[in-house]
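Some structures are shown below for you to check.
Each of the next two complexes has subunit A plus one more chain, namely subunit B in the first and subunit C in the second.
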Partner chain A sequence: MAAFKGWHVLLLVGTLGLLAIFYQGLWGNPNFIPPVIVETPAPEVTGPDLYKGTAVSLSDFRGKVILVNFWASWCQECKLEHKSLLAIKKHYEDDPNFAMFGINYQDKDHLAKDYLQVHGNNFDHIRDLDGRISIDFGVYGVPETFVIDQEGIIRHKQIGPIIGDVYSDMIEKVIDPLLNGTAGIVGTVSSS
Partner chain B sequence: MIVEIGHYAVVTALLLSMLGVAAPIIGLKRKNAAWVQVGQRALILTFVLITVGMVAMIYSYLTEDYSVKYVYATSNSKLPIFYKIAGLWGGHEGSLLLWAWILAFYSMAAATLHWKTQPVVMPYLILMESIVLCGFLLLILFLSNPFERIFPAPLDGKDLNPLLQDPAMVVHPPLLYLGYVGLSIPFSFAMAALFSGRLGEEWVKVTQRWTLFAWICLTAGILMGGYWAYYELGWGGYWGWDPVENAAFMPWLVATAFLHSVMVQETRKMFKVWNLFLIILAFSLSLIGTFLVRSGILSSVHSFAADPGRGVFILGFVAFMLLLSFGTLILRSAKLKSSVTIESVVSREAIFLFNNLFFLVALVTVFIGTLYPLLMEVLQFNKVSVGPPYYNAVFMPVALGLIFLMGIGPYIPWRKTTAKNIKELFGLPLMLAFGAGVLLFIFGIREEYALASMTVVAFVAAAIFIDFRKIALFWGKRDRVNPFLGFLSAYRRNPRRIAGLITHVGVLVMIVGITFSSLYQTEKILIMKPGDEVSLKSFQLRMATLHGAEGVNWEGKEALFDIYQEDRIVTQMRPQKRFYTVSQTPTTETAIYQTNMGHLFVTIPEVSPDGTWARVRVLHNPLVLLVWYGGGIMGIGGFLNIFRRDRKRSVVSVASGVTAKTAPSLASGRDGIVAQRSES
Partner chain C sequence: MRKSFVLILFFLIAFSGVSFAEPQDDEVLQGRIKEVSKTLRCAVCQSESVWESNATLAIQMRKIVRERLIAGESPEEIRAYFVGRYGDYILLKPRVRGLNRLLWFGPFILLSFGGFFLYKTLRRWASKPARTEPVAFSPIDDAHRRRIEEELRSYNE
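Presenting the complex of A and B:
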């Protein structure tokens, strides 16, 4: 008689499991835009500060509205939105309930610093050394921006640069309502 | 009328493919070869009939018969003839028909070519191929019928998707299918081996060329798709880890692993079950890929109309094939055990084992990445896509490991080796690689990945070059000719090995292209008006004019750029923003200027409504052409391997009177130095 081994069972279970997942998947909505993690708890972010090198954790800022912006010095579209980012930070300068971080993605330490030197800087940046933070956030490319509410839930995702209307909407329709506690569901926006 | 003939031909083909399933089973039950012959004839006729169906469809395209719904959906009277024909695979229904036609072609070819030499395998081969054909024909006729009519007949068609109106896109789907479907032949041979219990090395040898041909087509298909994405989608990259790209890449990874591991079975009679598993997996992944693409289960730039009905059918079919093949493997393999074990970790078979493990890890990486959103959704988590960061982090180290093995595998001896031997074999290549790394560093290459991959590439290149040089000199000396002819003479003696190494050279060239074009790409995006200038690398681009342009079935804007290098005009470039009037779709047409092996790449993704300014994207992709040149070299290696002329000893597998006579005469010939290894 045939002697069944571990890999036999594994292969069979694996095949059946895969088929079950496929079957289930058929009833999902195929046109659902995938990179949505809005309305879910933000992944924990821990990484070294770009300048001080000390570890920064987003969870330390729980209770505030946090804007997280993924950028890189080699990213052209990031340059387009950089002024807007500086303006947002400036806009909420006196609001203790607002915090803002840049996540420097796949970049060189000195190139990132040069970039901020040239384009100006008024907020803190965390380095995503091994790309883990970007993977956790499901980032496809830079720039992408997330807004996290006081409870640590991601309430907004912006794909592409914050320029023009996107900028004013970001302040008036996303951050202000969250700070005032009048926010509804915001969702994902792609500016490109 | 013609379409109806085609339709009925395909209906008849379905019935015949059912006969193709039944006849070999009856033949096996009754031990009657006549029934097997019936099955073979049914397969051949099936091919003829599906061809009639294809011709009928193409006829409707050429005669602009828009009462055929599918023709209406994918063609237009203004289309050039070339794209009218290609419209056939421009949508779901026609693609499936093409799939079935290619499958019928392969089946017919295999059942005819091997009819005399593989009588034992034949019934199972016909059976398996007919099952797959039957499944696809059912799908075509009942759920995706391209022959369907609409009434009243529209005056003109909706036009072929403009993105598909492109030469690369005309050949990309057929090539890809030739690859996907071609894997069905070695798969059927493997299943035949399992069913018939003849699990020796024979099926592996017979299917070698089939697998190679499928592999070349798959490689070419993937590269062609990448090339299309590169200039047609206008984002400047050729690979985006999109689910549909992955669907083609996964069978490729497994087929590549299979092509390597069969060599171990041939030489050392090991990995028997493993090879069966690999080829079943490779073809299963082809089917799963078809399912993923055709069911619209994953969202992707390629997605076609989603239809759960079709999805359920294809899934049912995939489930049937998977359970049948893996089930048989499980039941049969219990009897099999490898008679030889690996003696040492530093032996060629061990390197092959690592090669296979790496390929499988690569597969799992891509597989998880592709299915991740689906998994999350099914398990009630929120849907999250896995983007390029994941692949860059996980896939790249595996790829580097695989390339590194290319420098070791072909040179390390079978069974085991000594430390001294290793030093002799790899000392010089390692030193050269290290030197190359240092040189690159001095010349300003600072990216870790670029340094690592170029050092590894240098190692493998050195190993290959040293080997080629050695054999060229050796045979040149023996035959008293120059080293070049010596190399040819070495090639004639062991074409398989050298053709394989040529393929490796192609891989290296491609890796150089991938590394530089991705890590050293430079980009500028800006708003430009006529008269504005921008510089990138050594180029100055001046927008001369921004004007209207039109073609047969589109209108749009074109920017004219004068390109200067050191104040000298070198070329003019004309990127366009097109609007296809019939299908109401905009496209971005890329302008490309070739510099050395790289590209200057200009697009205008956006033009202001009043036509005064355009958003301009300028890219410099250094060495990007090497990606496709490398692919070309890989293909040359592959074809040399298919069309190689084996020496007698490997063709005749059973020691017969003939071999007994020829073997000594060969041995006493001028190439007697090559040991006559017994093959039985």
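Presenting the complex of A and C:
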């Protein structure tokens, strides 16, 4: 049997390495795209309030922990998480350092209002009239939720509905630590 | 008559491909929008560029490209804006950096390995001595030759 030479080993290692990369790829979520926006300053966005029509800027709430949820009346998964959003707002009702906004994405004014009438509402909503706010946040689809810290840095991105464990994690592992000043320095991303 | 004229006009406009949603740009600007949009991936489509897609997100992205070009931004600055939000995924042509280098140079590296492997193998085959010595040519014996010659002669006669 011929002895193994250096280039034999190199070829073997290269092939095995490639196979390992492909094998690992089999178990990943093909729709998950690592977001680059986490740990960067939140975009300065302004849009009209869904009900009053007055301009609302997220930067006006600098110094607070802000939860921004992108939703639409035509989105089925948004309906799944709507109660969770109402519960989050209720949970932090008395905390002056917490603010929460819904960004109504690619929707019609009256359909958005009907949706909130049916499913309930306890927080403010901004209309994303030309999709600019969504693109500024790098949104692919709805629902997506961002948590911005007191310094205006995006600290968490949630892709998909806030339901089940995601709901408790959102409160206990993301918002509470930010409000208490015990959050880690690295932003988090989760997908459901 | 007037009604048919209005109807014809309506169909001409509806199917002419003219969009009144976006302002009409001169050819140079359109060309630049196309140039930038063709390098950006429609994030909600399957392997379609922002220029080719009619998805709402792609239309909105084209508008942003247009506005930023008018504002004087370079194609590179516009691409950087989208990369800052969506990552390298938004570029149809990955940048030559980090792990992306594997995409760019991987095939050539593999090809070189393959070529080297083939070269070594062929060289080894060529340099190996033949396993068996060629058998020495054994001439036909005289009796056999005579018989053949006789048969050929009788055939010619």
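Following the convention adopted for this analysis, the second predicted complex is superposed on the first by the 150 of 192 C-alpha atoms of A that agree within 3 Å, B and C clash if a C-alpha of one lies under 4 Å from a C-alpha of the other, contacts with A are read in each partner's own complex, and residues count from 1 in each chain.
By our rule, a residue touches a chain if its C-beta (ideal position, glycine included) is under 8 Å from a C-beta of that chain, and two chains touch if they have at least 3 such contacts.
This structure is a prediction, so every number in the text was calculated from the model and none was measured.
K.L.:
Considering only the touch criterion stated at the top, classify A:Gln76 as touching first (subunit B), second (subunit C), both, or neither.
P.N.:
first
K.L.:
Between subunit B and subunit C, whom does A:Leu129 touch in the aligned arrangement: first, second, both, or neither?
P.N.:
Neither partner.
K.L.:
Looking at subunit A, does subunit C or subunit B touch more of its residues?
P.N.:
Result: the larger residue contact count on subunit A belongs to B.
K.L.:
In the overlay, answer first, second, both or neither for which of subunit B and subunit C A:Leu111 touches.
P.N.:
So A:Leu111 meets neither subunit B nor subunit C here.
K.L.:
Is A:Ile153 contacted by the first partner subunit B, the second partner subunit C, both or neither?
P.N.:
Neither partner.
K.L.:
Touching A:Leu12 in the superposition: subunit B (first), subunit C (second), both, neither?
P.N.:
In the superposition, A:Leu12 touches subunit B alone.
K.L.:
Looking at A:Gly141, would you say it contacts subunit B, subunit C, both, or neither? Reply first, second, both or neither.
P.N.:
A:Gly141 sits against subunit B and subunit C alike.
K.L.:
With the touch criterion stated at the top, can you tell me which subunit A residues are shared between the subunit B interface and the subunit C interface?
P.N.:
The overlap between the subunit B and subunit C interfaces on subunit A comprises residues 11, 33-37, 40, 106, 130-131, 134-135, 138, 140-141.
K.L.:
Using the touch rule from the top, collect the residues of subunit A that touch subunit B in their complex.
P.N.:
Counting only subunit A, the residues touching subunit B are 2-5, 8, 11-12, 15, 19, 21-28, 30-37, 39-40, 76-77, 80, 105-106, 130-131, 134-135, 138-141.
K.L.:
Give the list of subunit C residues in touch with subunit A in this complex.
P.N.:
That would be residues 43-44, 56-57, 60-61, 63-64, 82-87, 89, 109-110, 113, 116-117, 120 of subunit C.
K.L.:
In the complex formed with subunit C, which residues of subunit A make contact?
P.N.:
Residue list for subunit A touching subunit C: 7, 10-11, 14, 33-37, 40, 106, 130-132, 134-138, 140-141.
K.L.:
Can you check the complex and tell me which residues of subunit B touch subunit A?
P.N.:
Residues 277, 291, 295-299, 303, 306, 308, 311-312, 315, 318-319, 322-323, 326-327, 329-331, 333-335, 371, 373-375, 377-378, 382-390, 392-393, 523-525 of subunit B touch subunit A in their complex.
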